[in-house]
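Read from first to last, the chains carry the letters A, B and C; within each, the first residue is number 1.
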Amino acid sequence: MLKGKSLIDPMDFSLEELEQIFNLADRIITNPKKFSHCCDGKILATLFYEPSTRTRFSFEAAMLRLGGKVIGFSEPNSSSLSKGESIADTVRVVSCYADIIAMRHPKEGAPQVASMYSKIPIINAGDGGHQHPTQTLTDLLTIRNIKGKLDNLSIGLCGDLKFGRTVHSLIKAMSRYENNKFTLISPNELKIPDYIKTEILNKNNQIFKEVLNIEDCIKELDILYMTRVQQERFINKQEYLRLKDSFILDKEKMKSAKSNMIIMHPLPRVNEIAYEVDNDARACYFKQAQYGMYVRMALILKLLGIDPDVVENEEINESEEFKLPNNIENHMKCKNTRCITSVEKHIPHIFYLSNSEKKEYRCKYCDQIYDNSEL
Amino acid sequence: MLKGKSLIDPMDFSLEELEQIFNLADRIITNPKKFSHCCDGKILATLFYEPSTRTRFSFEAAMLRLGGKVIGFSEPNSSSLSKGESIADTVRVVSCYADIIAMRHPKEGAPQVASMYSKIPIINAGDGGHQHPTQTLTDLLTIRNIKGKLDNLSIGLCGDLKFGRTVHSLIKAMSRYENNKFTLISPNELKIPDYIKTEILNKNNQIFKEVLNIEDCIKELDILYMTRVQQERFINKQEYLRLKDSFILDKEKMKSAKSNMIIMHPLPRVNEIAYEVDNDARACYFKQAQYGMYVRMALILKLLGIDPDVVENEEINESEEFKLPNNIENHMKCKNTRCITSVEKHIPHIFYLSNSEKKEYRCKYCDQIYDNSEL
Amino acid sequence: MLKGKSLIDPMDFSLEELEQIFNLADRIITNPKKFSHCCDGKILATLFYEPSTRTRFSFEAAMLRLGGKVIGFSEPNSSSLSKGESIADTVRVVSCYADIIAMRHPKEGAPQVASMYSKIPIINAGDGGHQHPTQTLTDLLTIRNIKGKLDNLSIGLCGDLKFGRTVHSLIKAMSRYENNKFTLISPNELKIPDYIKTEILNKNNQIFKEVLNIEDCIKELDILYMTRVQQERFINKQEYLRLKDSFILDKEKMKSAKSNMIIMHPLPRVNEIAYEVDNDARACYFKQAQYGMYVRMALILKLLGIDPDVVENEEINESEEFKLPNNIENHMKCKNTRCITSVEKHIPHIFYLSNSEKKEYRCKYCDQIYDNSEL
């Protein structure tokens, strides 16, 4: 039962809940007219504390195509909210006007704070470099609908694997499905962080390998997920110039790919996919944007508890037991300067148990790791 | 009959007209669905020449929840209108597209000018430090609905009483009802202006007293209306530090308050109400924001002349007689540099008779006082 | 059949197609309620890479009054799209969310590029100083509906005739109708460019004359189209001061005008029409803004192929023959630095045959002229 929930982290939802969302998205794609008045009288507030036009359009179009309406701001300058009012006060006021909120914020954890004070569901539309869960939902729906499944796939991820939150989230999400094979394509400077390998891939018994260019692996892939390589990440400009072409997908490289491989990209691209590839039938990055709108339509309906067919009557069962306390509050402050708690002093400092064997806790807002002895 | 009127000054409406608006707001609160298509096909234009997200959201949500639609801008930068076009031309053009306008402007009197040239109703959504009438309507509806009445109440107003337009307007509005008692809580630097005491409170035979801190009076109050105290208002920083805690409401001070006292605040707050007070059942400042949306819904319906039940047939009776001329035009210019007439030279300089005994006139746009001999 | 077409240049449509749009606009003006749900479920995206509030409001109000909805941005700062993403990628993504796009862009030809990559119709809402076709449609509908015809009229055009794209487009458009007489009123510094005289007016056998002030010609005119004269255009300030009054329309000058002459202006005005003229019944510039909304309503319906009455079944007949190639691609680059091809390198360089006798080609994006030997 997703009604009334917020979506802050892409891992917030169980596989079953994800499946519910994807099934609803399918039903919308098949028969959009049936859903065109589902949200009559409902209002989405888009609170974008930094601009992200593509994401904002996707949310707004999703709500409008469900018959709902939108209020919002698209950058902090056009909003007096940015002048010193706390996130808590803002969402409590916006809760009076709207039925659901999509929030984009430069500080990690801001949407988490919002969800703690809001009477209405919060959707994290990106919090700094931290999380962007609807991008992950978009990626999953795209793969599921074009490849027909989310398991037993060979996935190449190419570009900046060190800092790319989109890639990290997709690896975490795809690792929950069986028997996927990951090929991590990046220069040495931008390799995937170790914790993704040890805590996500190994722990879930997923096969992976790291390679240094696209040519070496493209023929094995079912999916090639491209991301940008930024020159600023390289210490040495010559190194960048020597390497960059290995991470640019062009017509020539596509010759080796399977006939049903799909190319994905979270957009915007700069030059990492040559324009000549756009007309290749395997280029799916614009379809992906389309799926992004449909998955947001399904998400909004689920969080508002609206379904024209199903009467949802599921009960929440809570029977978890913990030895260590589930949360530790106000014993210390989070040390991450990008965390929302560094700017809004009134927020309770909460750390949740993230790994009971290791006695490991994390900040509720930005997921910074602390061990038990520090708290 | 409010149809076609503009709302520029909180005192524009008679007590009877206010009562009509509040009654309609009540009917909306009771049965919002009934009103959800009242404004089908109508468009609100939100012309915000300075950002005020809360106010803008409240107007937009109000119109959308009535089934209407919204066009607008939220800051001057995103609007080419700010580049030299006169208010008169702008509203005449916008009148072609929209059915009603909510205008926020940094210059005093700008909405007054708009109402003189517009074919459609103008709602003043704040003109500099001058007027903000829908905030006053919000405050009145909140008091009326939570306390059940607008008379025989003991009201404390705390904070910056010298410059706070919200407080001035609320005192003027509440002085029209019988037997209210005002407690004015502020540091000496920020005491209420004399004209409020002599011309409003004394003239309406209202009881009031001035005190220097919250503790001294909180136990007597039915309503405590909090506002911000800005450090910049103090000549002397040490004086500010010595005094500021007296004007911060916390749990401790709330212990002395009546069990049914209500706390109000126009928002945003900075630190004048401690976060620990938010969970107190007497904290009504977020409910107040909710009432703000409902009263704007009622106002929009009244000014557009839409009521699903009542067919309004009232006639306007004009039988007033004046000895002094009602208006004096173009004999002199208003001397207030914040007045809209200081920047838009084509506007007629109009002064209206504000007190016939004293032969006192005021500028039509900013309400600056002049005596008859000056005009 | 206009369904699915884009409107980039005011001359894109045949006289017959224009007539279809104007007839539909008339039907909307007569019975707006009939059209108030025509665009239910449709979304207009307003992509304004530079602010133009009047134009944006007009498009948005048009779509909303047809029952449609709007997403968009009103200036580049509030849009992350401005950060390096190509027009092609942007419109392909926006095509996933919206049904029709109105685009304003500071670079000439940007909407032309958009129309080449978009799955949905593009309306040029102004591209630099190049084209603004919906202003021309607005002007034509205004003249047609107030004067009852588009031919046999005496039209005065006053102000900056050298740089004013509005005036150039209107002359081109009106030259397609029979027996109009043009009076070109401007200081010597701002006279109409020669190509308008030779290629448009002479070629279409239109009568025209050039004069240096309004007084000399106003009595003969059926229409006086006013535009702004900017001081910056003059080399010499004293020359500007000496001349400017000749190009300001006031009550005095209006005394000589016909009783049914109409005054038009694309707005915003600065001071070229005195405020005292506004109450003259012949002042039509605010009505013109109103017609602007109606003509955009008709245009949106036509491009979306929606008509509540007519089932459109026209076939496109293409039987044109060319000796010279219709298009020349990538033989050279356009030399105009304001052209979109100067900033987006991936765009194909296309030149179209604009005059087969002269063997003259023009850039597809900015219409810069080249002769055959250059290509």
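Simple rule for what comes next: a contact is a pair of C-beta atoms (placed from the backbone, for glycine too) under 8 Å apart; a residue touches a chain by one contact, two chains touch by 3 or more.
In UniProt terms the chains read A, B, C = Aspartate carbamoyltransferase.
Note that the structure is predicted; figures quoted are calculated from it, not measured.
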Exercise. List the interface residue numbers of chain B and of chain C, divide the shared ones by all numbers used, and answer same when the ratio is over half, different when under half.
Key: different
Exercise. Fit chain A onto chain C over the CA trace and report the rotation angle, somewhere between 0 and 180 degrees, nearest 5.
Key: 120
Quiz prompt | Gap in Å, rounded to a whole number, between the CA centres of chain C and chain B | solution = 43
Exercise. Mind pulling the residue numbers of chain C that touch at least two other chains?
Key: 77-78
Quiz item: Residues of chain A touching chain C in their complex?
Solution: 33, 36, 51-54, 57-58, 60-61, 64-65, 70, 74-75, 77-78, 267-270, 275, 286, 289-290, 292-293
Quiz prompt | Footprint of chain C on chain B - complex, ascending | solution = 40-41, 43, 45, 69, 71, 73, 77-81, 83-85, 88-89, 92-98, 346
